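Lettered A, B, C and D in written order, each chain numbered from 1.
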């Protein structure tokens, strides 16, 4: 579909929907989907608007530019994205490949509209997978005192390749603050536990010892505060006492694949809006 | 909250959202929730609009009446309901009481905004429950050749008590066609299987023999075509080979309670729109 | 069914199953269900054995007594319970009644084989529910400095009424250590979060602020270490950004009802074995 | 682990567990897992026994051979399988590759202990996947009147390659009766609906039109009666009115991948026993 997605947030006020919808209608756009949420705690209005532009009476660029008068009058932040769109995405890995494989597979199937610019690993274990998929692989040694330089190299790659989204697909390195800040809102991580339970090392071992009856995984935006960024998606699986730590890892992998695939999908389809420490998600 | 809920469906056309939202904004109504769905297969637009009328610039009745100009121009069907609202509801039962208890309990808790006008049973088994809850109970004998007259008695009760919603809470009588038609769209049934699997008698026995790994329940609108009305809600539970038919009944009861409670809730909060043979549901 | 349930745990060793099963067979008992788990981390064997005693060649008491030779030789702890059995159970409440209602309802339906000796409240809010159900209600004032004496009164009631299981059905008082110890393994609590997430006050508020995508409830044995006892059962429900803290409470209630009902059922059917800080559960 | 798995079924009778467990114990085998089910409807005893043979006092072959005296006296059918074991498995495909990819990936990870002898397609679409994975691919044209000969070719391949398990991973050909019979109990299919709902063509379209709230997939043994063989595993996903038939296909793929992966895993780990028209499954 030829179209536009508008994400907007602004202080709640009288007549917002009417104004936005009228702007679209005035230029012969067709509202395909209108998802809105008003957070009563802080009087914020947030919306995602999907517009069919087939019959638009003006150029898309003119339509987008013209919106700024309304946007400013609403005191809003907003962003348009033309459809179809393939978001330039880099995937960071270490050794584990199940999340990487899941993303590659769904991308190939057309479920996740991204263009994978590169796979970057602080180990070279995933290089053969990248090669089979025909995607450039960059091995960046980050061991010991090479870590700081490594992150600069990654930064350079991301900037150079005009990467819009960085996915940490079981990337086992703690990101420096400056990195989180520079790419804020554009880094997605998969955490191998049902956050906020079992923060920290070896969540499966923790889960086993605590005897929980579900384990899970969490896909979240990365912020400087480790494992505490806005949650995009979670998944859980039932477990029982006979599941060993190895079984929990197996079931955990399934949770991770589900959660990261949906999380990325929501992000690249502009179905998420970061709102304070929460992610507003309009799922499909 | 003082407010209005508008349900509307009309042929899809240019600018519908803008027109509806502008009408609301023009009279200082505030859109609290705007849920919309366009069925591309038949070019139909359907929406549920929740309006805060606290600052409405006109009387609510005037606001509602004034909408008809727009509604007609859109060639729409629509309905307004003032909030808060308690829908007058009759519950039909036979012997089984778990759905009845679930409805009573959630109603008391304020989760389901209904006023239960009466409990009607073709057996008197549930009479003590009705009495404890302080709700009139009508025992209507429908055995053998009293069945036809029984449904006329029920009809008279529903009309006389101005009942808006009739819930078949495991009511073990097949409704005559004229009854389904007279109350079309206002009868909700709970079916003790995951429809369309196991239509017909003894679904638990069927499920056991087929060896399925999930059983379920289905809450649906009643139409003349038995068990084939629009589905409002379903629930499933995992089962294993060691679950006897009695275990399946136990787990089935849990599914039924969940499905009927949510189904009624969606209906009385005007979160459902019947659209052909499907129910469009905007869940909360 | 006339029968026996045997729960046993002992150091893992050669031929345990053969020995137990042979003992049963030697006296013409019939193994209906044999559930076993060997914890390889500490070399412990745990089992639940369900025996049909219809054709037993000796008296049940003799059969039970005779087992001690084998039990001792295995260095085991074990317990027999004759079936059918109704466990004497007290329910402790404060104001909230959804867990209480759930337990009463399932007990009446025969899903939970207990005899409710009394309902004990530190508020009298639930007294009418107890009266309708024909169960003695004890109001014990525990406000301010009456708390210590209150727990002694409860203890006296539990002892006097020969209570075997105490269920904290949203009982909003922290139990003193001596109380936990005295009734160790025989107190079940429902915690209104998916432990170990959101330990502490107001878990729904915490869940809302953290933006999790599932909320849950946890049914666990009470130990002196608050909220850290062995988990018997958990339940989770999916939530979204538009669910207010009130919605989370509503969905939380559903989780709590599910989890406590199953948790009690597992306990009274001897389907749980406390093993260190975990509960081994053989679900049905 | 060096070990044996015993699957056994026989008429229910006195002392079975004792006899089996004693046989194992007599030869210094260690019961790691003992899963048993007695079907009271037809008085059948079924069990799966996992034996650690590290300390076995005789050769494994002798142990297995010696069991036949007991097995015959119980009038049982039984089968031993030495562990670790990689079942020789052929995968039949047409065009769709998501089930194939899932199986390849989990096999590589060690989650499914199989040796894939070949991938056989009536289209050559999946050939590149087979090549990348280093697995022989056989393209067998089955169009039009080549169908009968095609199945004979497949049969020859399966026999020649000593295939023990044939997986229909979205293989879009109806199997002839003789083929089903010849490989009875050793063919697993994935059906793209929650059976028995939506048997037949285009289940997603059927599900969409019926407006169900869950869709699913079913992994089952193939029998001559199409889509009616014993169910091994099922999976369901929640859907809503806004999910198009394409969305249902996407969610259906996820269900299929989950169900087929677990179904195969249960089969090759000998966790299934076909019992009449049901599959008894001891899940892990």
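The criterion applied here is as follows: contacts are C-beta pairs under 8 Å (C-beta built on N, C-alpha and C of every residue); 3 or more make two chains touch, one makes a residue touch a chain.
All values derive from a computational prediction rather than experimental measurement.
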>> Looking only at C-beta pairs that count as contacts, which pair of chains has more of them, C-D or B-C?
In response: C-D
> Where chain A and chain D touch, do the two copies share over half of their residue numbers, giving same, or under half, giving different?
Replying inline: same
> What is the distance in Å between the mean C-alpha positions of chain B and chain C?
Replying inline: 36
>> Two-or-more-chain contact residues of chain B, please, as numbers and ranges.
In response: 242
>> Under the definition above, what is the set of chain C residues touching chain D in their complex?
In response: 14-19, 21-22, 24-25, 28, 30-34, 36, 38
>> Residue numbers of chain D touching chain B in their complex, please.
In response: 37, 40, 194-198, 209-214, 216, 230-231, 233-234, 236, 240-242, 244, 275, 277-281, 283
> In the complex formed with chain B, which residues of chain C make contact?
Replying inline: 98, 101, 105, 109, 111, 132, 242-243, 247, 250, 253-254, 258, 284
